[in-house]
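Same chain, two partners: chain A is paired with chain B first, then with chain C.
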Partner chain A sequence: MSRIGEIVETMSTGFVAESFELNQPPALGSLILVQSGSIHLYAVVTYGRTAGLDPSRHAVRQGTDMVSDAAIYREHPELEHTLRTEFGAALVGLAVDRVIRQHLPAQPPPLHYSVQTAPADEVRRFTDQLQYLRLLLQTRGEVPSLQVLAANLREVFQQRGEDHDWLDRAAREVATLLKGDHEALLTVLYAIDPGEQTGGARP
Partner chain B sequence: MSHNRLGAVVEGTFADGLTVRLDPGTTTEQLRIGDFVVVEGAHNRYFSLVSDIHLKAADPRLLADPPRDASAFVTRAMAGTSTYATVQVRPMLMLEKVDEFDPRALLGQQGGPQPVRTIPMHFAELRTADELDFSTVFGHEGGVNFAMGAPLTMEIPICLNLERFVERSNGIFGQSGTGKSFLARLVISGVIKSKAAVNLIFDMHDEYSFDKQTEDKRWVKGLRQVFGPQVLIYSLDEQVGRRAGRNVDVTLKVGLNQIEEPDIMLLTEELNLRQTAEASIGLLRDAFHEHWLLKLLEMTPEELEGFCTSSGAHPAALGSLQRNLKRLQRQEYIVSEASFSALDDMVEALDRGKHVILQFGRFNAVLDYLLVANLVTRRVRQRYEDKMRRYEETKAVADKPRPLMITIEEAHKFLNPAVARQTTFGTIAREMRKYNVTLLVIDQRPSGIDPEVMSQLGTRVSGKLTEERDIDSVLTGVSNRGALRGALESLDTRQQILVMGHAVPMPITVRTRPYDEAFYAAMGGHARPHGTDSDVRDLFGEE
Partner chain C sequence: MPLKLGHISQQMYGMVQRIADLTPEQEQFIALAQALLRSVDPDALRQKLDAQLSQRRRIPWLVATPRGSLCDSASAPALPSDYRVIGTDASSMPPDRHSSVRYYVLNVGYAAIRYGSLPHATLDSRSQLCFRDEELYLFPERRDVPVEGTLLGARMEVEAVRILREVVPPVAMPTLALRDGPLILWTLQNESTAVQERLLDDLLETLSFLRQARVPVGGYISFSDSHDVTNSLRVWLCQGQLNACDHCDDPQRELCLALAKIHDRELFGFLADGERSELFSSSSQVLQAYGDQQVDFMYLNVGGEIARIEVPRWVGSDAALLGLLHAGTLDQCWRSSGFPPYPPALQEAHEQAAITPTERGLVEEMLARALARRGQRILRSAKDDSKRRRGV
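This part shows the complex of A and B:
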């Protein structure tokens, strides 16, 4: 488990964290963890954003003909201090004494607590159940919930070692959840179809 | 959840049956209309029939715009969720559950499945029927339970209760080529073997007595060869008996004195009779009693005229009647005068437990068949009525006539609405159960049979039928026609039948058992194909 950020805004349905690495928020849809006492809170990344520290000031162009992309950051080390990367996450479950429950926690995670990546075995254990997809489907944020859902399924599929049985099961669960709206369903299914996309779309 | 689960009940009414949503893993191709399935309620097990299958989509927009280039993954995910199937299931019988783990003990306790009086609650499980279910409902082979065949997907016997079968008149139907006559042989063999009844078979096309080639060029044995001297062969045609290996026990002659008015009226169409015939015959009968026909045929034109003057008959009508009836006289098997002793002996033989096949040989025109079958049956019926009256007087078991099953082919000729009220067969079909005589009606056009007769049939065995009116007719007076209609239409042409009615607890689609060596052996096949002269002498004395 590695720490990747710190919570800077928190509420019952999710939180916003500042990433330790500039321009390196965790993958959209990936599972992350917050440890609050004996309780592990699970959340799914719903967006990532990098902007200036001062919200009233837009970032301005720094590149020249000679300097572009990564070289800009080498030329302007102060950018590391004037920019920040944040990411949002939706809470999808918790574990008390390693018993996993896929519902919202009673308390939001404490502010300034660390956010960690979820190791592969945790991902596997958590995603054996699929009720959390219902919570995920109800998130409201910058990224449409269907895309977050699809991103999550792609991520988990990869982290479970391209577990096709799991993906089929999850796809049927999604089909059940979206049975009343077949356009939405197709949006998700096309986005997670492993036959068309090999590997999760990483930034 | 059992391994053969198909889905869960989601809707239903007692009147219209249950709607079951199939599980995502179940495809509609696994099920057929008319399949025997089981709904596991909380307290009862419901033995049911699949009556319809629906394809559905959770979002109606999907139907308007089905995904065109969807990959296997996408279709797999949608199958059973966004798109799903429901089946209509009709409970036919129910069995109260006492001990989940030992339904056999339960069966002994309760005396078998009962008519359906309730329906199960939501989410009751639908599953395919297993062997235990089949045997719970259809019983085990042996005794009066005769195995007709097996369910389409299993190798266990589906039994006909022959005791119940012979209690009513029955029908065997199916388009031509569906094996009606083999089916009839099968059923008759069962009746002979189980001694549930004695048989009188009017064998129009010489199919039942001796070996016959099937449509797939196989030779199969006749009833005489399977059951030996238990089966007596009567023939109208002396030549039949002369063929090697075809021993005929009695050659039957019909006397003009035996022919009665209803026999003639039945032949109206065949003999081209006018509407005045009935009145003319009435006058003749008044004058000459049972010799009316002989007298009429012997009349010279002068005598004819004289009779008309004395009786008031119309000369032209009588003349035409005489001309038309001369056709009868030309038939080889018709003699001027014959006693009823041959027929009475036949009834006695039946009463001793023998079975009789009446062959028509060369005389297999509709005219011969109608005339002889009706005449013989009338006599048999009279004798049975006498016997039954006697039994009612004495109440001695020895006097009780054996149940008799009369097999007729081309049944619509005797039982069509125009003549069913006049023919003996019509009478038997409507009321003769009380005299212990029933019919086995074989026909390919059941729609030609009087609906009143059809509704009286106890057990109906039908091969494939496609004609709408025939299907309606076979299902006359049957509940749950929708499911059975589908089942009838979806039968294979060969070896698949639908059995419904009095002799089976619920309608069932059956793969008929083959009529082959194994079957002959099961019937206790006789090694002796012929050589029954001694038996005949025992029965009839020297002829």
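This part shows the complex of A and C:
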């Protein structure tokens, strides 16, 4: 596990964290962890954003004909301190004594606690169950919940070593959850189709 | 709404008309002033100014004595590939006369930015709650001369330079320092020598430190209001008494009075992008308290405006240091995202130094709470109380 950010806003349904790396929030839909005492809280990244550290200072164009992209950051080292990258996450479960439960925790994670990446074995253990997808579908935020859900399925599929069986099982779970909304179901299924090269879930 | 915007709007029409009418005439006078600048013999001007100043005749304006030519300009030398710039700025929460608790807050911000092979930036501030007698009074032993108004402003300016002693690293890398505002603290010119010396002590010590460290420092003044050089041209034109303009019938009178309306930044509008003027020394009385740390100034076309840069004489007389300051200041402006440009190191120093209204309120609240824990409370004047309540 590696620390990737610090919680700067927290609530019962999720939190906002400031990323340690500018322009490098964790991947949309990826599973992340917060350790609060003996409890592991699991969350899914719902958005990433980079903007001025001070909300009253908008980012302005810094590039010139000669300086662009990464070179802008080399020529303006102060940008590392005047910009910040934040990401939001929806809480989807917890583990107490390694027993995983997929519901909202009783307490939001503490402010200023560290956010960590979830290692592959944790991802595998947590996503063996799929009830957390119900919580993900109910998120309301910057990115539509269907896209967050699809991004999560793509991320987990990769982290589980392109586990096609798992993706098929997840797709069926999504089909059950969205059985009353055909268009929404198609939106998710198209977004998680890994393509013909690897096969996988097909709408 | 007590401010009658309708009345203001009507008067504004007349104001705009007046500015529009004067613009062509002003441009014509600027051209004449620039021609005069090119024609005046600097040695003769120096002699005339020296004669006036040494005879203690009162020159009613601040004037500038050219240290070289009047109208020569210089381009910037090449900048080292790796260099560092340190920008500083300061702000304060002044003492509240309407409060029973006397204190003020100083906040000095700085931005130390390294360019080149290992780019890096440090943006930080030093915040200080000043409440002891030695901080509240210039002469604490007799609780005399409170630090407020102009004197607090001067202390702030000094702190913005003094912080350089803490943040200039002992690493041999070309480094220049910029502070947002003047190095010539002219607001102190009407204070007693004792007050000037007490306040300037830290500034002069810091300038000595920077001289030892070979770090050129510049006071960067954007949109300067100065008339020092145009005033010198008025002295040059004047054939009679300097303070008897009402009775003057000299044929040059019209040009002389027009010069009074021309800023130095307009006079030096002929500088090409990146060029600086020659150095000038100021007649500001406060410089008498600077001893061997005299400060001169120059004008620099930073690409969009003519900025005034105040520099210690040891910088101006050392081609390498002056070149580093000139080239580094320009490089800063070229890196600016705004137009007219402004050095990013100063912009970030300002951001670090600024105290927001919310923060001011928080300091007051923190103090009130801390006192309440000791069973004390802050008493306020009836006037202040009524302003806060604003009851109807």
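As a convention for this text, the second predicted complex is superposed on the first by the 195 of 203 C-alpha atoms of A that agree within 3 Å, B and C clash if a C-alpha of one lies under 4 Å from a C-alpha of the other, contacts with A are read in each partner's own complex, and residues count from 1 in each chain.
Note that in this section a residue touches a chain if its C-beta (ideal position, glycine included) is under 8 Å from a C-beta of that chain, and two chains touch if they have at least 3 such contacts.
Please read these numbers as outputs of a predicted model, since none were measured by experiment.
Engineer: Between chain B and chain C, positioned on chain A by superposition, is the outcome a clash or a fit?
Structural biologist: fit
Engineer: Classify the contacts of A:Val174 with the two partner chains as first (chain B alone), second (chain C alone), both, or neither.
Structural biologist: A:Val174: touches chain B, not chain C.
Engineer: Please work out whether A:His182 is in contact with chain B alone, chain C alone, both, or neither, and reply first, second, both or neither.
Structural biologist: So A:His182 only meets chain B here.
Engineer: Hey, is it chain B or chain C that touches more of chain A?
Structural biologist: B
Engineer: With both complexes superposed on chain A, which partner does A:Tyr190 reach: first (chain B), second (chain C), both or neither?
Structural biologist: A:Tyr190 contacts chain B only, not chain C.
Engineer: Could you tell me the angle at the CA centre of chain A between the CA centres of chain B and chain C, given to the nearest 10 degrees?
Structural biologist: It is 160 degrees after superposition, to the nearest 10.
Engineer: Check whether A:Leu83 is in contact with chain B, with chain C, with both or with neither, and answer first, second, both or neither.
Structural biologist: neither
Engineer: Is A:Ile39 touching anything from chain B or chain C once the two structures are fitted on A? First, second, both or neither.
Structural biologist: In the superposition, A:Ile39 touches no partner, neither chain B nor chain C.
Engineer: Return first, second, both or neither, reflecting whether A:Arg74 touches chain B, chain C, both chains, or no partner chain.
Structural biologist: After superposition on chain A, A:Arg74 lies in contact with chain C alone.
Engineer: Just to confirm the value: shortest Cα separation between chain B and chain C in the superposed three-chain model, in whole Å.
Structural biologist: 50
Engineer: Once the two structures are superposed, pull the chain A residues common to the chain B and chain C interfaces.
Structural biologist: Touching chain B and chain C on chain A: no residues.
Engineer: Which part of chain B faces chain A closely enough to touch in the complex?
Structural biologist: 24, 57-59, 61-62, 67, 70-74, 76-78, 80-82
Engineer: Show me the residue ranges of chain A that touch chain B in the complex, using the header's touch definition.
Structural biologist: Answer in residue numbers: 167-168, 171-172, 174-176, 178-183, 185-186, 189-190, 193-196.
Engineer: Please name which positions on chain C make contact with chain A in the complex.
Structural biologist: Where chain C meets chain A, its residues are 111, 113-115, 119-123, 335, 337-338, 344-345, 348, 351.
Engineer: Report the residues of chain A in contact with chain C in the complex, numbered from low to high.
Structural biologist: By the definition above, chain A touches chain C via 54, 57, 60-62, 73-78, 80-82.
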